[in-house]
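Next come the structures, one after another.
Shared chain: chain A. Partners: chain B in the first complex, chain C in the second.
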Partner chain A sequence: MKTYGFAVSARFIWTLLAYVFLLAPIAVLIFASFDDASFFRFPPKAYSLRWYEAAVESGEYRSALSVSLLVALLAGFIAVIFGAMAAFSLVRYRPAGGRIVEAILMTPLVLPLIVWAIALLQIYSKLGMSGTLPALVLAHAVITMPFSVRIMVSTFADLDPLLEQAAATLGASPGHVVRRVTLPLAMPGLVSSAAFSVLISFNDVIVSSLIAGARWITFPVRLYAQLRSQGIDPITLAIGSAIVAFILVAALIGEFMFKWSRRL
Partner chain B sequence: MAEKRAPDHLVIQKVMKNYGGSEPALKSVSLNVRKGEFLALLGPSGCGKTTLLKIIAGLEKATEGQMALAGEGLDAIPTYKRDIGIVFQSYALFPHMTVDANIRFGLDMRGIKGDEADQRIAEVLELVKLEGLSGRMPNALSGGQQQRVALARALVIRPKLLLLDEPLSNLDAVLRKSVRVDIRELHERIGLTTVMVTHDQEEAMSMADRVAVMANGYVLQHDTPETIYEHPASAFVATFVGSPPAILLPVEKTPDGYGIGGTAFMPSKTLSVAIDLQNGKPVLLGLRSDRLSFADQAGPLTITGEVHSSEYIGGSWLVHVALGEHRIAVPTRAKPPQFGEAVHIRIDEAETLLFDPDTGAKVALP
Partner chain C sequence: MNKRALMLLLPALILSGIVFLLPFLWLFVTSFRVQGEGSLLMAEGFSAANYARLVSDSYFAEVFFRTMWMSAAATVISLVIALPMARQIAVSAGRAKGLLLALILVPLVSGALLPTLGMLHLLGPLGVINSILKDFGLTTKSVKFLGTVPGVIIGLVQAFLPLMLLPLVNALSRLPKDVEAAAETLGAPTHIVWRRVILPLVAPGIIAGSVLVFCASLTSFVTPQILGQGKIATFGTMAYQQASLVLDWPFASAVAVVMLAILALGLAVGSLALKLLARRPA
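On to the complex of A and B.
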């Protein structure tokens, strides 16, 4: 059939375009990171690991990376704990107005973050916590919360409350029920939301650049500042490629172990 | 029988449960279960039987009322300290644990470890005939096997009481009958006081020592299966219990006697007195078709009707007789009468049931 053939080829071209747009920049990034030149050019002409060596030695980037990591881990921790608790009560107790609460928890996904961050900055300065680590971590916890809430809502919706009741009839105190039944069954969801929270926090530029003070500069903010003042530093390409490789591996593991693509 | 004299093990007094709706799910239920007894809570869905089971297990809180198990008040005891084993309809096996770990769970919670735990698990696996499957995960088991794991998990803690929530409803028809016998045999072997919830009257009647028939949040009758079948306390019980269940026919007074659906009904002296005592109000006559037969001619304790159809059911016939707009099936071993023929159905006074059509209450014979 003619129309059928057209539909198939249209879909093929569409898919191809999607992959090209998605993956081409990443390919450029990875190739360029191995280039021997001291500026960003494409395609590369000579290959070396000099920028990877420079990245390892650079104190500036190392500190930016560790700030990013610290913020991401702390924010992820908060988002997972509170997101899981919110999701549990939303699913299990179906409180009046629960849907409104869920919608509010989801707003960071659709909010213009820059406006929100500017307002938050005002609040922080009134509270005297501008530029502090807790200020940055809390802001990140809020923007990562939608992901952990969403993942944990679907996790808990799949968890049959009868299993917890069965455990109780077998003699498990509420603490034992959580440790032996609820947590083990929710673990894939918890790991997935932790991973997503860390990634979202790690990727954020807008909120971090507005909230972070001079002491707490995250990696994307450092990169952006560098870009604005001196153009692209090949060190960032090396670090960027390493991060992409790391995330790719993590995503593959997550997909195989926890079926991440089906949790969002 | 010695069993009938057994002391009360579980006592439920005026238990009421209101989920907040206009009508309570349970309206003042009082029951007692004797030690070693198998009680079935029988009723249609929504009658409150599962709610009662959950209240006994402590998974729901009664709005009012008291319960005691083995002489000890239950109301202040949380679920995990009640020592009540329960097998859920969906089995609720822990999907992240092997069969062995599922069964071991309750022992762990009691601090029973090592050889004693192993021995008890081996015992209970043998009891439910699941030896050799202890390393499997629940999702690698058939429905019948999963149910036996759930039973083993509940039994291994040596509970004071075993609760079964619709234990057969997730099994296929063939398995259902054999599991019915298995559970009954198991009960006779270990003598554990058991409360089973079911909507299937055949299950309740065949498995239980006593049956509590429930509807609309009430217990309508609590007695042995025989008594419930022979002497149902109300029209609802009569039509819910028995296969076939009783058929209710309204008896009206006619100028020349009594009738059902415009056909002639000749009651016995006793029956006519009982009907007359209702002061002209119609009365419901409850009949079970397996207790009916044909009479050669009209006389006391006969109803006259017209043959509507008949079916051969192997060895005998079931003749459907029309009594006005009502139908009643009469079994016969003889060749059935032809369509349209007038026939006389004989009823047995001793097995005749009379009910008040408004309240459904039993009308006593004088």
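On to the complex of A and C.
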């Protein structure tokens, strides 16, 4: 068993190092946010919460964060409802051409968003819609919908149609079946799609930085503009760390309660 | 198609069709237009001038080859890092497996920007890596990562490693946990088991992950822009620059169409490889 044992421990150490590499940027981001200095230097001379305090007081960032949240919630709402409807149709009715429809709905995952955003920007400006909230929300709904279609297709596929048929046989109306049987059973999938849609939209920078005008600037767009021009404002490290910490908790809950990695 | 099935599909299809697919058609058409002399408005008529400019200018050829080889390098490095990792995750059980999977999801949903922000602090001249290297006396001058090709590749691998891992974990989870131990008992060393048993079985996962990482690297623009400090031009940064700063939309569209063509080629090669694998006798 000698070479096998060696291979196993080598694999274990390799995995550990790979995780360090994968998560190092996020860890450093959080670490740097506690540096008291206004320019990060490793190792920091003093630690403090001053950038967190400044973040809470900054109206500029608060408005960017609320735009991000507003767009993410509206886009997520559209994506989850449309995505769930489409997934239900694909799984339950198996319509002719369903596989093509599913492929079409998945295209935003495969085709490059930067390329698409360049074209959408031109169309929006032709229509006089550029820089408006609906323009931004529609774009975000499109990029998050594939996640909800995919998660809901696997959710409905795991759901036993006999339960719905039983309720119908016992005299429940079709609407009643959906409300009292299908939706409660599909709830873990719906929660997962909503969480994924909101997170993807909230963190998107590629589409937003092209589509968002001067009026609706999301937090990632503000951060990106800043990185390109003035360098790093430590307040953004504090906000970014808070967002990453939130994502970490969400991913743990999502994986342990809802098996996110298998639904994707 | 059943009427109710169609009604349920329609909202999603209309949204995707109009907001997502229509712009690609628009892109294709616009790429054959040109802007009028000294104006942002488009001139009358169609021409292949943008494509001629792309082919004739050596700068764009340079960007093209740089983007291609950087993406290829990021793909190969991701694969090498991910294979043992995916096997480790696949053989883990219960809570450990859940934790390992959740940690892969974190960079995946964090978007492009926040990890890149962390990378700046990791790789910068006064960053964590350089200060550790100096403490150990490995270097006296800061190693330059930012604004260099290796720096951008490091960023691409970190950003897209989860895209390689998920298909690999799915493929490897179907394999019995103790296949290496069994082979060992029968006298086969681990590397033979990998070559003869594990790799052929996960080949579809390897292809899927490679296509995902290659396509994502090819079109990414935040990572090359920020970690490249504007010095490493790629397809993504060039298209973004033409569209949002130079405002030459027809030319940006042509760059985009070329990018799409390369992606289509990549996907075709991937699916061809899958077909060949399926046909080969096991």
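In the analysis below, the second predicted complex is superposed on the first by the 253 of 264 C-alpha atoms of A that agree within 3 Å, B and C clash if a C-alpha of one lies under 4 Å from a C-alpha of the other, contacts with A are read in each partner's own complex, and residues count from 1 in each chain.
Everything that follows uses one rule, which is that contacts are C-beta pairs under 8 Å (C-beta built on N, C-alpha and C of every residue); 3 or more make two chains touch, one makes a residue touch a chain.
What you see is a predicted model, and the numbers here were worked out from it, not measured in a lab.
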item: Room on chain A for both chain B and chain C (clash or fit); value: fit
item: Which superposed partner A:Leu252 touches (first chain B, second chain C, both, neither); value: second
item: Included angle at chain A between vectors to chain C and chain B, based on C-alpha centres and rounded to the nearest 10 degrees; value: 100
item: Superposition-derived comparison: chain B or chain C, residues of chain A touched; value: C
item: Touched partner set for A:Ala141, first chain B, second chain C, both or neither; value: second
item: Chain B versus chain C as contact partner of A:His176, first or second or both or neither; value: first
item: Contacts of A:Asp204 with chain B and chain C, given as first, second, both or neither; value: second
item: Partner chain(s) touched by A:Phe77 [first = chain B, second = chain C, both, neither]; value: neither
item: Partner chain in contact with A:Ala167 - chain B first, chain C second, else both or neither; value: first
item: Distance of closest approach, chain C and chain B, by C-alpha atoms in Å; value: 13
item: Chain B/chain C common contact set on chain A; value: none
item: Sites on chain A touched by chain B in the complex; value: 160, 162-163, 165-174, 176, 180-181, 184-185
item: Chain A residues within the chain C interface of the complex; value: 1, 3-4, 7-8, 10-12, 14-15, 18-19, 21-29, 32, 40-43, 78, 81-83, 85-86, 88-90, 92-93, 95-97, 101, 104-105, 107-108, 110-116, 118-123, 138-139, 141-142, 145, 149, 196, 199-200, 202-206, 209-210, 220, 223-224, 227-228, 232, 236-237, 240, 243-244, 247-248, 250-252, 254-256, 260-261, 264
item: Complex contacts: residues of chain C adjacent to chain A; value: 1-2, 4-6, 8-9, 11-13, 15-17, 19-24, 26-27, 30, 81-82, 84-85, 87-89, 95, 98-107, 109-122, 126-128, 130-132, 158, 161-162, 166, 169, 180-181, 184, 189-190, 215, 218-219, 221-222, 225-226, 230, 236, 239-240, 243-244, 249, 252-253, 256, 259-260, 263, 267
item: Residue numbers on chain B that touch chain A, as the complex places them; value: 57-59, 78-86, 88, 90, 92-96, 105-106, 109-110, 153-154, 157
